[in-house]
Structures are given as C-alpha cells and as structure tokens.
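Across the two complexes that follow, subunit A remains constant while its partner is subunit B and subsequently subunit C.
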Partner chain A sequence: MSGVILFLVGVVTLAGIYAILAMILNLEAGWAGMWDLGLAGLVAVGGYVFIITTQTTHEDVIFAPGWPMWAGAIAGSLAAGIAALIIGIPSLRVRGEYFLITTLAFAEVIRQLSINLGTITRGTVGFNQFSRPFEGLVSGSGYRWLLLALVWAIVLLVYLLMRRLGHSPYGRLLRGFRDNDPVARSLGKHTNRHRLQTFVLAGLMYGAVAPLYVWFIRTVTPSLFTSEVTFVTWTALVIGGIASLRGPVIGAAILLIVTEAAALAQGLGEMAVVLASVRFIVLGLVLILVMRFRPEGLANERDAFANASRRVEA
Partner chain B sequence: MQNIIFGLVTGSILAIATVGFSMIRQTEGFINIAHGQLLTLGAFLGYFFVATVEMNVFLAGLAAMVLVGLIGVLLAIVVFRPVAKSGPLAQLFTSIGLAYLLFGLIRVIFGANVTFFPTGFGRRLDLGPVNVTVGEILIVVVAAVVVGLLALFLTQTRLGTWIRATASNPELARLRGIPVNRVSYAVWFVASALAGLAGVMVGLIGNVHSELGWTQILIILAAAVLGGLGSIYGVLAAGLLLGLAMDLSALIIPTSYRTVVAFGVLILGLLLRPQGLFAAKGRREA
Partner chain C sequence: MSASILEVRGVTKLFGGVAAVDGVDMAIEPGSITAVIGPNGAGKTSLFNVVTGFEEPTSGTVEFQGEEVTGLQPWQIAQKGLVRSFQTPTGFPALSVWENLMVGGSDARGESLWAALVSGWRGAEAATNERARRLLEDLDLWEVRDTLLADLSPGDVKLVDFARQLMVDPVMLLLDEPASGVDPGSIQRLSGLIRRVRDQGVTVLVIDHNIGFVLGIADRIHVMSLGKVISSGTPDQVVKDPTVIEIYLGRSA
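Entry: the complex of A and B
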C-alpha cells in the first residue's frame, strides 16, 4: 500500500515539473507565438551544466569544479539562457513551422553532443552519484514528500509570476505581435527584439527548472532529454489550453496521471515492454482526441483574460 | 570514394522518404510527424514478409509499400480528415499524437528488439578504388526509377496534374472542379507508400528497430526544410546532399556525429538562404 502511495507521490511530483515546463512553454509559444520544439535541449543544457559544475570527483571526467548547489543551478540557468540566445538568433529569422523544425534540430544537436562529448558528460553512462538538497533533513522515503512540496511550491511561484506577466503590458505586447506583427511594429514596438528576449527568458527558466528534473529522476543521461520531453510538455499545454493561464497546470496534471497509470501495473514481468508501450499509445490517443473534440484545450485564452480590459479601465 | 557510394545510398533513401513528406506538406498543408512512423511500419512489414512469410525481397518491398500506402489513406480518413478545419497547429499535434500511437502499437506488435533483414547484399563488385555490392546499386537504381515514375505520374497523368494544381492553390483547384478528396487520398497513398519503401530500404542497409521513426523524421525534416518544402526537385537534391554530407563527414569526424552534421548543414542553409535552397517563392508562414 505504501508503495502505491509513494508511486503516486512520484507521479504528482513529475506532473508538477511538467506543469512548470508547460507554463514556460506557454509564455513563449502561447503568448509570444514562437512554436518551440527544442525545449528539451535547453533543459538538457541546464541539467548538464548543473550536474557537471557540482561534481566533486574527477572520475572519468576532466572538469569537476565541485561548486555548491546554488551556484550550479545559477550556472545551469545562465548556460541555458546563453544557449537560447545562440539558438534564437538564427532560428528567429524564420517563422512558423520553419522555426519549429530549426529548434527541434538544435535540441537534437545538443543531445548528440551530450552523447559524444564523453570526457565532459560521461557519454551514455551519465551521472548517477550526486547529492540532492536538504537530504540530511529527512529519511529515505520521506525525501519524496519533500521533493513533492518543493516542486509544487515552485509551481505556485511560477504560476503567480506568469499570471502577473500575462496581465502586464509586456504580456499584452507578446499576444499583440503574435496576432498581428505589422500592427505592433507600426506602434513602434521592436517585435523581433522582444521575441529574442522572450526566447532567452524562457531559456533561463528552462535551465533553472532542470535541477528539479534531475533530482527527481536521480540520474543524468542523454536519454532523459529526448524530444519526448518536448512533446509531453506540448501535449500538456495543448490539452490544458494554449495561451490560457491555468491550462498548463491542469493539462500536465491530467496527462501525467493518465499516462503513468499504465506504469502502476508494470511489475508484471514479461508484460513490461507491452505496458511501457501502452504509455505511448495513451499519450497519442489523448492528444488525438483532444485535438479532435476540444482543440482549444480545457481552459482557454478568452476566459483567462476575460477581465483584462475591465481591469485596465478601472 | 567509398563514402561517396554510402552517401549516395543514404541520400537516395532520404530523398524517397522526404518527397512523400513534402507532398503531404504541400497538399494537406501541415507537417506530418507520423511520416517517420509510417517508415518504421514499412521496415517492420518488409522484415515480416521476408523473414516470416519468406517472400522475395522485391515482392516484400512492394507488398510493404502498398500496405503502408493503404494504412496511410485509412489514417487520413479516420484521424486527419476530422481535424482538417481546425488549422495547421491542430493537424500538427494530431500527427504527433498519431506518431506516439503508432510507435506504441509497433512496439506492442513487433517488440522493442533490434532485428536484421535475413537478406544478403549480393556479390561485392570491385570497381578500382571502390567496392560496391549489388544490393547497394539496386537501392540507388530502385530509388531513381521510383523518382522517375513519380515525376512522370505528376506531370503526365490527369491525377498528377490535379495533385500539382491542388498543391499550388487548393481553393482555385476546388473552384475548377478538381475532386479535392480524391486528390487528397491519392497523395496520402503515394506519400505513405514512399515512406514504406524508404523504411524497407533503411532496414536493408542497417537494421530494423522501433526507434527508427524518431531518428528518421528528424533528418527528413532537415532535408525538407533545406529543400524549401515546396519544390519536389529541391527536396530530392536536398536529400541527396544531406546523405552525402553525412557520409562524407565520416572521413574527418566520428560517425556518431552524423545527425549533428545533418543539422549543421540545415542551420547553415537557413542562415545563408532562409527561403530554402531551391524555393522559387518566399517561404509562406504556417
């Protein structure tokens, strides 16, 4: 029984992590209109830089400065921001589906580099010996609850931040040039500069979230940062309702609980491969059905910003 | 020299896979991520026909092609037709959903193991500085013949003309009385069949496994964008170019960087010529 509860705690924690990713994605894709299919790459940069800079043993790697965790997290975030800048400058020259493909390409390049630069990243072996914050405070299984609380506290924090951003003039500007770029430009807005800024901001945030993902999974290998991360985040956002406020959180919670439910029964020996595949089938079916019957998602943009105009008048 | 041969083989297969992808993009108006899974399906069906049914490789390839083509039409009717009016974003995500659905189903049916075609490559021909197997020549020849037939089909038959008309202006095509539905099914059949063929070829030169679709779709996307999505010949050239680039790069850097090279070429291409290598018109936004 306690095993089931601990499993559910894990699922809810992972849902929280995806809720944060989906909210960041909502900022750049939902509001600023940049369909980014490369977020897994930025999470990878954040995660790898965090884990490499906080490593203390030089075993198999040439670089292990052993920084404290907070410094590693900041470094990871900055590195992801810089990566976003490098990706953004060429990618933002093209729009729509070309942007989408270019970002996907960059994410794959990052993943391939993480596999091939073995002397820094330990290749496909990756890292699995590292400490996590506040580990001394609670005993083994209690740590899962602590991580759950930590993740959902950050979910709340990011949600409040996003609500603030969404209603701010900046948020209106993003949605404005998403819908009509020439009008925004004619009003003297530097839309391209704002796009790049938003892309880099999202990159910094993806990098900052990465340590949570790493602490939850407890290993860092290239296989953690495949485009599956990107697609699951996108699915969560699309189910919840793109460009809405609560949508990303609702979508991530529903999606993760539905897909991970299949894993509950996974202990059944030879059925393991089948059940692991069922996860993908469920994920695919959910996405197809939502697109067909509720393409605007569960929550929607109109409701989220229904009071926006009134608030301005008041 | 040897790498040029490998590059040609890879490039021909890539060109076949990308042409189908690009046809869907042109006439249906969205990026079909599930195209990679149709390719995987082709590889597994081809393997099934050769290994279990013990068919001749050519017959098996043909059977896999037709079957994947029919599955493509079926998916178009059941999955894509209902969301056609919801715009390219909904269609794109439907195709991602379908890709996961197919990926899961393929793993349930065929398992997650890596398998090899039990087919030899035939005699090794010694042509001075290079070695070529009969199988490799056959792949390039089949690819060339298929592309030639496709070009004839698109330019010389009435259905082909309809497809090109629909691709360049769907509204106008409808107004002129072209049966848009029939055109759409024809495109789905041809495009999926080409994906199936490419899958069989990928399986023949390498191995067959369930992750095939995800790795292939990335390279297909790169080739499609590099070629400018629109023009069939542009996409063919881009496919060949990427294939050559990937295999020639193996001379100076480790082969594990193949995909990185493909995307490096793509990123370079976008920076130098954002409208695509061979696109006549500017890129339309999604």
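Entry: the complex of A and C
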C-alpha cells in the first residue's frame, strides 16, 4: 500500500514539474506566439550545467569544479538563457514553421552534444551519483514528500509570477502582437525586442527548473531530454488551454496523472507490455476528447483575461 | 503655404521589375486632409508601405517633419508620430476593445518586462485609462469595452482601429481605406471624426475608393494610376481634370 502512495507522490511531483514547464511554454508560445519545439534542449542545458558544475570528483570527467548547489542552479539558468539568446537572434527573424524547425533542431544538437562530449558529460552513461538539497533533513522515503512540497511551492510561485506578467501591459502587448504583428509595429512597438526578451526569459526559467527534474529522476543522461519532454509539455498546455492562466497547471496535472496511472496498473500484473502501450492510447484519447468538446482547452484565454478594464478601475 | 510635414521625393518601388510606385513626388501640408485616390493596383498602398517603413523604396526619399525617415523600421517611424492603419479591419482580436486602445496608448517603459517584473505599472495605466475612457465614450463604444475585438462587427472594428491610432497621439495619420466595409450611414460619422481630428491639429492622409467620401473630406487630392501621380489639386480641380475623368472617373462622370 505504501508503495502505491509513494508512486502517486512521484506522479504528482512529476505533474508539478510539467506544470512549471507548461507555464513557461505558455508565456513564450501561448502569449508571445513563439512556438518553441526546443524546450527540452533548454532544460538539458540547465540540467547539464547544473550537474557538471556541482560535481566534485574528477573520475572520468575533466571539469568538476564542485560549486555549491545554488551556484550550479544559477549557472544552469544563465547558460540556458544565453542559449536562448544565441538561438533567438537568428531564429526570431523567421516566423511560424521556420521557428519550429530551428528550435527542434537546436534541441537535437544539444542532445547530440551531451552524448558526444563524453569528457565533460560522461556521454550516454551520464551522472547518477549526486547529492540533492536537504537530504540530511529527512531520510529514505521522506525525501519524496519533501521534493513534492518543494516542486509544488515552485508551481505556486511561477503561477503567481505568470499571473502578474499576464495582466501587465507587457503581457497584454504580447497577446496583441501574437495575432497581428504589423499593427503592433504601426503603433510604435519594437515587437522583435519583446520577442527576444521573452524567449530569453523563458530560457532562464527552463534552465532554473532543470535541477528539480534532475533531483526527481536522480540521473542525468541524454535520454532524459528527448523531444518527448517537449511534446508532453505541449500536450499538457493544449489540454489545459493555451494562453489561459490556470490551463498549464490543470493540463499537466490531468495528463500526467491519467497517463502514469496506466503505468501503475502495469506494475501490478503480467500484462506489462500491453499496458505500456496503453499509456499512449490514453494520452491520445484525452487529447482527442478535449479537442472535440473544448477546443480552446479546459481553461481558456477569454475567461482568464475577461473584464480587463475593471482591473484598472478597482 | 507653410513647409510640408511629409515630403515624398522621387519614390519608386519595384516588385521584380514592375513599378508599383513610379517616381512619386508628394508634399503634404500640416493640418490638412489629403486624399490619394486611384484604381486598384495604382500603387496607393505600396506608397503607404514605403512611407511607413513596411517596404523599403527602390529609390527616392521620405522626409517627415524635416527629418529623413527612409529606411527606418516601422516602429521607429510610428514613434515619431506617423501612424498608419491597414486596409482590412485589423487590430488585436484576442484583446478586448479597451485593451486594444490601451496597447495603443501605452509607452515602451510601461510595457517593458522590467515594469512587469519589478517596478509596476499602475500609475501609467491610470493615466492611459482616462484617455481610453474619454475616447470610448466619445465613440459610443464604452458599453462594449470588455468585448473581444474578435466578437465585434466589422464597422465597429474600424472605429476601434481609428481610436487605437488616436491613442498613440499621432502627429499625422495615414488611413488606408477607412470607409471600406463601413455602412453608408456611418460614413457621415467617420467623415466628422476625421475632420475633428484634423481640427485638433493632426494631419491626415487617406486612401479610399469611395469618391463621395473622399470628395467630402479632402482639402487636396492626388490621383494615382499605374504607380504615378497623374493629377493633384483641390477636389474641384481634380474632378474637372480631363486625364482623371478619362482614366478614373470616366465610368461615373
């Protein structure tokens, strides 16, 4: 029984991590209209920089400065922000599908680098011996609860930040030029600068979230950062309601709990192989049902930003 | 005659060898309503695109308030007070009527990421909100201020377009077919609005197909055909010009 509870704690923790990713994706894609298919690459940059800079033993790797965890997390965030800046400058000159392809290619380049730069990333073996924050405070299974609380506290923080951004004049401008860039420019808005700033902010945040993902999974290998991360995040956002406020959290919670429940059933019986594929059937089914009956998602932009004029008067 | 506010000198715009705009010279007097008319494909919108930085001219220069603006980005030209509209009813469909005006009226500082994250925006918003409220009440749009632009009738979207531009506090307005898609009854009202804006000191340059509307408001008219200005003058002069009658007004005159 306690095994089942611990499994569920893990599922809810992972849902929280995806909720954060989906909120960041909502900022750049839902509001600013930049359809990023490379977010897994930015998370990978953050995760790898964090784990490399906090390594203390030189066994197998040439670079192990042994920074404290907070410094590693900041370095990971900055590195992902810089990566976003570097891919943002050329790729934001093109729109739509070209942006999709550029970001998708970037994520794959990062993954290939993590496989091939073995002397600093340990290649496909990766890292699996590292400490996690506050590990001394609680023992064994207690740490799962601690990580759950930590992740959902950050979900709340990111939600409050996104709500502030969404209701600000900055957020309003993003939602405006997303649908009509020429009109925004004709009003004197430097839309490309706003896009680049937003993309870099998203990069910084993906990088900052990466350690949570690493602590949860307890290993860092190239296979953690495949495009599956990107597509699960996108699916969560679309189910929850793109460009809304609560949608990313609702979508991630429902998607992860529904799909991982299949994995729970899998652990119980002999039909493991059959049930492993059920996960994807369930995922597809949820997506189809939502698109059929609530094409704007479970939450939507219209309700999230209704009666904006009254917020100023109040 | 005072110095012109907008000076277009020898502007040519080629699209793969075809001259959409062909050596156009045009000087616009401050505080006037000037109209550019001409059949489809005459190069009116291409001229607008060059003047507002959306297209770079193949040759020629554009001066606004004595300063050359050729080659500047559209947002830079708009920040100098030269604000345009677009032919099709446009704007920000996912934003409410009120938000559409607020975007027009907010400056770069209030809309910055820094303001959103750190310094806040309440003060700037309150002042902009006052202007938006006055304008919306004036246009009888206050009641629909929280309606999304996507849910508004095309005629009202045109009005919001106009109001959004006024929120920028323009020195000069370039209106691309403001009367198209507006029902005949509202055209009178639109003409009145444009005249009032002119009386407040804003220079207006307007493109339209609706000859009645144009003759009613314009102080001066330039007629374009195949990329060239073929006639210029007051409405009276232009309608009597034989070349104009032949190639443009011929059907109705």
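Operating definition for what follows: the second predicted complex is superposed on the first by the 307 of 314 C-alpha atoms of A that agree within 3 Å, B and C clash if a C-alpha of one lies under 4 Å from a C-alpha of the other, contacts with A are read in each partner's own complex, and residues count from 1 in each chain.
Operating definition for what follows: contacts are C-beta pairs under 8 Å (C-beta built on N, C-alpha and C of every residue); 3 or more make two chains touch, one makes a residue touch a chain.
Only a predicted model underlies this, so the values are computations on that prediction, with no experimental measurement involved.
Touch criterion met: A:N180 reaches subunit C, while subunit B stays clear of it.
Of the two partner chains placed by the overlay, only subunit C lies in contact with A:L165; subunit B stays clear of it. Of the two partner chains placed by superposition, only subunit B is touched by A:Q112; subunit C is not. By the touch criterion stated above, A:E301 is placed in contact with subunit C alone, subunit B being left untouched.
Contacts of A:V278 after superposition: subunit B is touched, whereas subunit C is not reached. After overlaying the two complexes on the shared chain, residue contacts for A:R132 are found with neither subunit B nor subunit C. Residues 31, 79, 82-83, 86-90, 92-94, 96-105, 107-108, 111-112, 214, 218, 221-222, 224-225, 254, 256-257, 259-260, 263-264, 266-267, 270-271, 274, 283, 285-286 of subunit B touch subunit A in their complex.
Touching subunit A in their complex are the following residues of subunit C: 52, 54, 73-76, 78-79, 83-86, 90-96, 98-100, 102-104, 106, 108, 110-113, 115-117, 121, 124-126, 129, 145-146, 148, 164-165, 168.
Considering their complex, residues 164-165, 168-173, 175-180, 182-191, 194, 197-198, 201, 243, 301-302, 305-310, 312-313 of subunit A touch subunit C. Put simply, subunit A touches subunit B in their complex at residues 35, 90-91, 93-98, 100-102, 104-106, 108-109, 112-113, 115-116, 226-227, 231, 234-235, 238, 242, 273-274, 276-288, 291-292, 295.
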